[in-house]
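In structure tokens below, several structures.
Okay, so subunit A shows up in both of these, paired with subunit B first and subunit C after.
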Partner chain A sequence: MIWHIAKKDFLLNVISVRFIIGFLLCLLIIPFTIIVNIDDYKNQMRIYQIDRQEAEKNIKETHVYSGLRPVIVKPPEPLGIFCKGISANMGDEVKTNFGQKPIFPEGEASLRDNPFLNSFLSIDFVSVITILISLLALLFSYDLFTREREDGTLKLNISKGISRSTFMAGKILGVFIILVPLLVFCYLLSFLIILLSRDVSFSTGEWMNILILFIVSLFFMVFFVLAGTFISSLVRYSSTSIVICLFAWAWFVFLAPAIINYGVESFVETELYENVRYALDEIDRQYYDIHNKKSREIQENEKLQSRSWWNANGGLDGYFETSGTPLEVMEFERKLKAWSEPLRIEYADRKWAVQKKYLDDLTRQGHWQQYLAWFSPSMIFEQVSAGLCRTDMYAFLGFMDEVHSYREILIGHFKKNKLFDSFRYITAQPLDQIVPFEEYYRISKSGNIPDCWSNSNNPVLDLSDIPVFRYRPVSLPVLINQGLLRIIALLAGSIVLFVLAQWSFNKYDIR
Partner chain B sequence: MLQAIDLSKRYEDGNLALDSLNLEVNPGEIFCLLGANGAGKTTTINLFLNFIDPTGGQALINGIDVTKDPLESKRFVSYVSENVMLYGNFSSRQNLDFFARLGGKTTLTKEDYYMHMRRVGLQEEAFEMKVKKLSKGMRQKVGLTIAIIKDAPNILLDEPTAGLDPKAASELLKILGGLRDQGKAILMCTHDIFRAKSIANRVGIMKEGRLVMVRTREEFLEEDLEKIYMDYMQEAVL
Partner chain C sequence: MLKTIFIKESQNLIYSLRFQVSFLITMLVFIVGSIGFVKTFDAAQKNYIDYSKNRTEEIKRLASVSATRLATRRLTFNFAPRTNGIMSDCNERELPNKIAYSAFNVFGFEVATGSSNPLLKVSQGLSWSFIVTIILSFLALLFAFDSVSGEKEQLTLALSLCNRISRGTVLFGKFLSIISLLLITEIIGIIISILLIVIFGSVPIDPRFLIETAGFVILSGLFISCFTAFGMLASVASRNSNVSLMISLSIWLLFVIIIPNNAVFWANKLFPIDHADVVDKRKAEGWEELNRNAPPGSWSSHGGNLFYPKHELRARLQMSFLVNDKKFMDAYYSDMMRQFVKTRYFTLLSPVALFDYSNEAFLGGGYLRFRKNWEDLHIFQEQFLQFFKDFDNKDEGSPHWYNPNEDYSTTHLPVAFETVPVYEEQLPSYGQRLDFMKYYLMIMIAYTGIVFFISFVLFVKYDVR
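Our next item is the complex of A and B:
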């Protein structure tokens, strides 16, 4: 009997204007969105490849260990075509610096060649599903009972000896069998465009993520169908129902997310990043005070009159490379680095305490946003989708944790192999060609400068034993586990709405 | 058989729509309930169909209390409303098929539906026409066909001739007469005293929720039913 009612509703809906408009909207918006996002992905991939080549080139040209700053370039997430999440606001590369732990990736955040166009083209597949499917779900369910009552067919149906529960179940199933094919159509259309584009390929695991995303989309749709059903069971007129449904839609899809985000930013306090930067600069100043004091102390101990370099490059990040430098100065620099680099790492940890507090504040805001998202099914859906597409806050934090772990591994490697104490930390010049002061002056006055006195002429580092960073995307079970509670919340909300609709329709005055 | 035993309905606003109605409609009988608007006729039908719950008494269909076992009781009753509003985008045959299956008749063929529609005098061209394009008289006939197909022993009709032209109304009554001859118990609420007089075995006049008068066919044919009815109506107006 349920199927019989559902089939009737399906046949009536499939020839309705709302279905035709809904179908046309899907047919127009989905391809456009997917094409734009494939284009974004291609741009991201282009940027990634350029950045990666540059990082590889730089590392291959490194002569000394103090210049070894592996740049980790994060590959763009192909699943980002479905849900961009926060990836559009994040850079793609992180420098593993001993002097400071990275907090955010740097690099290209903008996806388009013309940044002025970003805001016009930033909608993704999940946003379309959030807006369109929730609207269609409400448009197909707002008059489930009111229209039948207004048309007089509700009395005729109920007079046939079917229970109200059966009638309601049939009506809801009728909406599902029209909307589920529409949702499937949206996904199939997007797959078709992705496959035809040949620019994106998904692994088996990623296809599984998409399958779960589809299932979550179904749950999301069910929620709005049941919300419309409940509203329809509360009121007598379709005109009242559509007004309430449109308000509920605007609230859940636009207002609640905006209010939640604004509320979280306003009421969950965070330190201003300017203050964080000031605190970091202060720690750096302390480090350089100690560094300079120690530098003078070593210089006095070594009885070094002056620090002369034939060729030297360096920076505040600890990089120092020299060639053609007198043995006494070279020894001084080596001793200074052997002492200063562990201290630099220690001060990086001190700075991390400040950075971590700032990051924790931001994360706390993120967590609050997620707690409050329980009031908005569209936010829950978008967060679960971003999680499944590995473009959410957790994916970002996970990536940064991996970068930090890699940095620790790299530091461990340097310490284990005593690289901070080595001449190779500061010079690529062969050790047997490093000469004392007297010889240095003689050669420099003669004008007959050996090639090895130039940094660029010396051999690059052999990096075969240096630990390599390997990006491991979060696995599907972990992603499901992260989003499980929110998926359950979506289902629980649907169950509550179903029970409420059932209760309300049992009392519905069908006259 | 339809029975109302001290059947009452008081709405939440305090209005007593039906006051201790006692009524019995036997197989092979047409009982016409006459009365002004708000007299309680439609409330009686709604109570028999369990669309609303009574605040007192019982409504029985074939001895089954409609509030205690609404689904079972509805197996034994068909209903035709004042304005038969079917699914406008379905044809007459599709509407018949839907409601027949809903009533448990799952083996009927297209030819069976055509046969039933011919029997109520619906024109052939209306069989596959969308219901929204049919006249009110045609829709009433489709509605009656739905009731006939269910083949329930009891039929409830709420103002079935309202808005119909004389010919269509006369055809409808002829069909009802045929159903009575088949042994159906028919309760019909109407304003139309002339139609009631021409078809009813018994008539009852309702006023302010009470059944104030019942006459058998023999009795009302001897009396001036119009005058009695108008007198009651007049009192109601005063």
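Our next item is the complex of A and C:
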């Protein structure tokens, strides 16, 4: 009997306007969204490859250890095609500076060349599913009982001896057998476009992530179908039911997430980053005060009258490269770096205390958002999806933890091999060709400048023993474990709604 | 007769469940949004005061070291929080809101780190604009979708038209009643919001704020009219209210979600600009060329001797680098702005975009504010450079070889902070604001008029049986 009722509803629904318009909306929006996101991924991949090549080129062209600060380029997440999460807020590269620990990946945010375009929001597959499937679930279930009552068929059915439970089960099944194929169709359509595009490919593990995402989407859909069923069992008229359902939809999908996000950003305070930067600048100034004092001290000890460099390049994070510089100055610079670089690392730890506080505030906001998301099924669904697609807060924090560990390993390598103390830290000029002041003046006046007096003519570093960063994405079991409570919450919510709908329908006045 | 219809329709709506629920939800969002704004604004204001102090301290410190240090230092100007931010944040958290400059150049702009928490998914703030574009637009369609088809189903439409009353009057009466109720809801919400701001907040409610509030209400009235017209169109386009509802929801999704959320894709496809890496490559090629052609010793320096002859070469090379970068970057920035403006034109298909852009212009925020600061900073930079050159010229111990990046060959004398020009933001005038928004406004009025006219034509032919 359940099947008969479900089949009747299915046949009625399949020729209804709501199904046709819903189907058309899916048919138009899903492919377009997937195409847009594949295009976005393609652009991210293009920039990733350029950044990676540039990082590799730069590192291969490094002449001195003071310039050796590997840039870690994070590959774009292919699963981001389904759910972008917070990936649009982040850049793709992190420089392993010794003088300051990185907080977030830098580079073009969202990998958009034009920062003005950041003011336009963008939508992903999961957002479309959140909006459309929840809407369709409510539109197909809002009149499950009210329409039958209004048409007079409800009492007819019940009077024929069909139990209310059977009737309700049949009605719900009828909605499922129209919506599940629609959801499957959305996923299949996106798979088809992905497979045809050739710009993106998934590993077996990633297909498993998508399978789990599909199952979670099913749970999400079930929640809204049962919410519509419950509302239908509470009221007598379809017109009342649709109004409540639409308000519930707008509330859960648009308003609750907006209120939660805004509330979190308003009530959990954070510092303005510019002020954090000023605090960091102050620590830098303290460092440079000590640095300059020590510099004068070494200069006096070395009895160095003046500092002159023939070819000198300097830059961020203690980068200093020189060639053709007199031996006395070179020795001075070496001693200064041997002293200043470990101190720079120590000051980086001091700066990290300030940065960490800022990061903790941001993370606290993130955690509050996660806690409050329990009030909105659409937020729960989006958070589980972002977790499965490795584009949520935890994925990025995990990545940054790995970067920090790598930085420590690299510093350990420099210390172990006494690289800060070496001439190679500041010059690639062969040591036997570094000349004292007198010779330096003679050569520079003669105009016959040796090739090795130019930084670019000197040999690059041998990087064979330098530790290399390896990115390890989080595995599926860990991701499922992270999102398990939320998945259970969606299911528990559905069960509660089912029980409430059953209880309410048992008392429903069928006249 | 119009008055009778208006009163009848308004009464029907007021007693309906949908109005009561929507009124409660709207008020709730107004209250939460206002309390949230007060907290956000206070925190942002405090942060900005700290930032301003830090910035002043930085300028003072640099000035006390030397005028050259001050002139060559890359300073930043961050946009202050707007007091009318409760009306709309004008996307200022996502738009470039930080400009870097020195006496020699306005280098560029960026979205300041921490404008919004990067660990949170980007979402809109609960400003009045959010309430209008998301909630009231939805309500306008929800109130209007069955205004004709619903009455037809209940057989009251034929009854109404049995009276000596024109169809135009019926349609216009319904149209007016929906707009009025939504506007009254909005105005009540705004009054509550202002009261909350006055009670809890530190936002000054001055005549300027009230003028902007009045302007906001007028603009939102136009926007609500537009969505109501679409709702009526959906209603007269079908004989069944279920179909009207589906059409209305599709229209809402199209205008509120789909068009605004796909702008970036169309921007890149229809109005492509060079990628940043291409521009970087051009800049690097320029650098290489300049470096290759630079006389030997152009990288030489002497820590203690300003008049070291090679410093002139060094200054000349550094200045060439700056000119090279400026040439490419200024062209690139113009391309970015052009692409952005064209993309905005594309999104004008949606009344939400029309409302957002006109509102942003009227409030003097968003892109208009950025453009004004960008242009003003260029003027300021020239004045700042002139100030530096005048000061440097007075120092006989300076060789006057202007190096935009280093302090090897210009004055090492400190400069009195009080004499240093400091950039201050000037708000766009109302004339500028109106000029910026006039086309958006005209399009929105035309849009509403056309949609309502089509609804009228369809209603004239509507089978009321």
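To be clear about the criterion, the second predicted complex is superposed on the first by the 498 of 511 C-alpha atoms of A that agree within 3 Å, B and C clash if a C-alpha of one lies under 4 Å from a C-alpha of the other, contacts with A are read in each partner's own complex, and residues count from 1 in each chain.
Heads up, the rule we're going with is that contacts are C-beta pairs under 8 Å (C-beta built on N, C-alpha and C of every residue); 3 or more make two chains touch, one makes a residue touch a chain.
Note that the coordinates shown come from a computational prediction; the quantities given were computed from them, not determined experimentally.
**Student:** For A:K418, decide between first (touching subunit B), second (touching subunit C), both and neither.
**Tutor:** After superposition on chain A, A:K418 lies in contact with neither partner.
**Student:** Check the residue A:K8 against both partner chains and state whether it touches subunit B (first), subunit C (second), both, or neither.
**Tutor:** first
**Student:** Check whether A:K60 is in contact with subunit B, with subunit C, with both or with neither, and answer first, second, both or neither.
**Tutor:** neither
**Student:** When both complexes are superposed, which of subunit B and subunit C contacts more residues belonging to subunit A?
**Tutor:** C
**Student:** In the overlay, answer first, second, both or neither for which of subunit B and subunit C A:K293 touches.
**Tutor:** neither
**Student:** For A:I162, decide between first (touching subunit B), second (touching subunit C), both and neither.
**Tutor:** The answer is first: A:I162 touches subunit B but not subunit C.
**Student:** Where does A:T153 make contact in the superposed view: on subunit B (first), on subunit C (second), on both, or on neither?
**Tutor:** First partner only, subunit B.
**Student:** In the complex of these two chains, what residues of subunit B are touching subunit A?
**Tutor:** Subunit B reaches subunit A through residues 46, 49, 51-52, 71-72, 74-75, 77-79, 81, 83-90, 98-99, 101-104, 143, 146, 150.
**Student:** So in the complex, which bits of subunit A are touching subunit C?
**Tutor:** 16-18, 21-22, 25, 29, 32, 35-36, 39-40, 43, 46-47, 50, 85-86, 88-90, 104, 108-109, 112-123, 131, 135, 139, 240, 242-244, 246-247, 250-251, 254-255, 257-259, 261-267, 269-276, 278, 281, 306-313, 358, 362-363, 365-366, 369, 382, 386, 393, 396-397, 449
**Student:** Tell me, which parts of subunit C touch subunit A in their complex?
**Tutor:** 17-18, 21-22, 25, 29, 32-33, 35-37, 39-40, 43-44, 47-48, 50-51, 54, 58, 76, 78, 91, 94-96, 98, 109-114, 116-126, 130, 134-135, 138, 142, 240, 242-243, 245-247, 249-250, 253, 257-258, 260-265, 267-268, 273-277, 296, 299-305, 336-337, 339-340, 343, 347, 366-367
**Student:** Write out the stretch or stretches of subunit A touching subunit B in their complex.
**Tutor:** 1, 4-5, 8, 11-12, 15, 151-153, 155-163, 509-511
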